[in-house]
Amino acid sequence: MVFRVDRRVRFADVDAAGIVFYPRYFEMINACIEDWFEAGLGYGFDAMIVKGHHAVPLANIEVDFKAPSRLDDELAFKLVVNEVGRSSFKLTIKAWHEDEVRMIARAVLVYIDAEKHAPERIPEILRAKMLTFQEVT
Amino acid sequence: MVFRVDRRVRFADVDAAGIVFYPRYFEMINACIEDWFEAGLGYGFDAMIVKGHHAVPLANIEVDFKAPSRLDDELAFKLVVNEVGRSSFKLTIKAWHEDEVRMIARAVLVYIDAEKHAPERIPEILRAKMLTFQEVT
Amino acid sequence: MVFRVDRRVRFADVDAAGIVFYPRYFEMINACIEDWFEAGLGYGFDAMIVKGHHAVPLANIEVDFKAPSRLDDELAFKLVVNEVGRSSFKLTIKAWHEDEVRMIARAVLVYIDAEKHAPERIPEILRAKMLTFQEVT
Amino acid sequence: MVFRVDRRVRFADVDAAGIVFYPRYFEMINACIEDWFEAGLGYGFDAMIVKGHHAVPLANIEVDFKAPSRLDDELAFKLVVNEVGRSSFKLTIKAWHEDEVRMIARAVLVYIDAEKHAPERIPEILRAKMLTFQEVT
């Protein structure tokens, strides 16, 4: 299963050269993961982070910027799960504009106890949900 | 030679969990590269992008987040050049807090004609300046 | 007629105290005005600013923050026009959460030639569209 | 006494029209107040908000944008206190570029218990410090 969020490039996203300022892509990536936790996994950031004192910080991210995006471009962010370990998991997020890939992000996140800032075993129910988004390749 | 910029973690940088919100790290990375172009290479973004119609978009970036940063942490961003090709160049930027590495970014940027959005040969004078920041390893 | 945009408070919007970081409200206000230009007035920022070399910078804004907003709060931004002058216009934007007003912004914007950065007469067709959003009080 | 912070306009601050995107001004205003609390009042946001569970949210702000700011402009933010009440206080912050005022902000902030989100009497020691920045006019 692929998780998809649509996001249009807004004025706040573009720089003086008229293209998306890349730190804004990371906000879009973060928002995609946030939406996936809520709508895809049923465990929103308010429940997890604010009330539950857990978090899923990035351990590593690699991003390829394939082509620039401009004001008003409609982007489709598509997220799949590559791997779910004990406390970490790997995602691939691609941003498409029509049939062109604009950006490919490969991210490793870690499920942690936010108080101790220490990795914790991903709960079974969460792992099972994550695996429904795994892409078999 | 290493290019260094000091940057303190401000309230705007931290999230509800009290640690740096990672899209803000990419703004810091961008600001470090911007400062390097100006103070290190003598070719500021105003001269290059706004007046000169060239740009240096990211083609690829890989970032390791080693440890979280909190409000008021003093970070030292240290930039070195790994390689300078025909139109692209590779940088490594590490963010240190005292003797702890918080973040390591490896980035590939491309020198382009911003109007055509096409790669262009890095001018010799710029290449020579870049190479003074090359780290021999 | 009232122009309305719904916007949910996302993780990127909240600060270390768990409430909306106020500079983010101004991004939301800007996005509301951007959406109004496009969907309400039929003159989007890409047509106006990027291709048309006009802009509508803020001359003045006054904002009352009535109550804090938190992660996942659904906000409804409601925009009305108060007055349309020769080159400037006044708007009121209120952010509601259910039946509670969270924020009231009163803004004066100026229609300008972006190249000269000089005020220009609002075109009649644009003025007529703006007046359809005028609130009679 | 006037509290002053210098801040240069960076690439991240400007929009597609090449001028400061106004939500970024509010980040600069916030950073100025944050620096004033720390360097001017000796009560930094980490001590007050993160460790002390108090906060100083904006109740009201009015901003006049006098002239646009562009990439690399050096801005001097100058803050004075207008009034200190029981739990609220009024500030004026002006952003200067050389001898031109670019922006004037008048802000009312409230000292609150962040847990209850309720106004609290400003501690005497803090009030006394604030009053050293009062401008007699």
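Chains: A, B, C and D, in written order; residue numbering restarts at 1 for each.
FYI, contacts are C-beta pairs under 8 Å (C-beta built on N, C-alpha and C of every residue); 3 or more make two chains touch, one makes a residue touch a chain.
Just so it is clear, the model here is predicted, and its values are computed rather than measured.
Chain centres here are means of the Cα atoms, and by that rule the chain farthest away from chain A is D.
Rotation angle, chain A onto chain C, C-alpha superposition: 180 degrees, expressed as a multiple of 5.
Centroids built from CA atoms put chain C at 29 Å from chain A.
Chain A and chain D have CA centres that are 34 Å apart.
Distance from the chain A centre to the chain B centre is 23 Å, each centre being the mean of its Cα atoms. The residues of chain A that reach two or more other chains are 11-12, 16, 18, 21, 23, 27, 30, 49-50, 71, listed in rising order.
Listing the residues of chain A that touch chain C in their complex gives 10-12, 18, 27, 30-31, 34, 44-46, 49-50, 70-72. The touching residues of chain B, when paired with chain A in their complex, are 16-17, 19, 21-24, 26-27, 30, 49-50, 55, 57-65, 68, 114, 117.
Across the complex, chain C is touched by residues 11-12, 14-16, 18, 21, 23, 71 of chain B.
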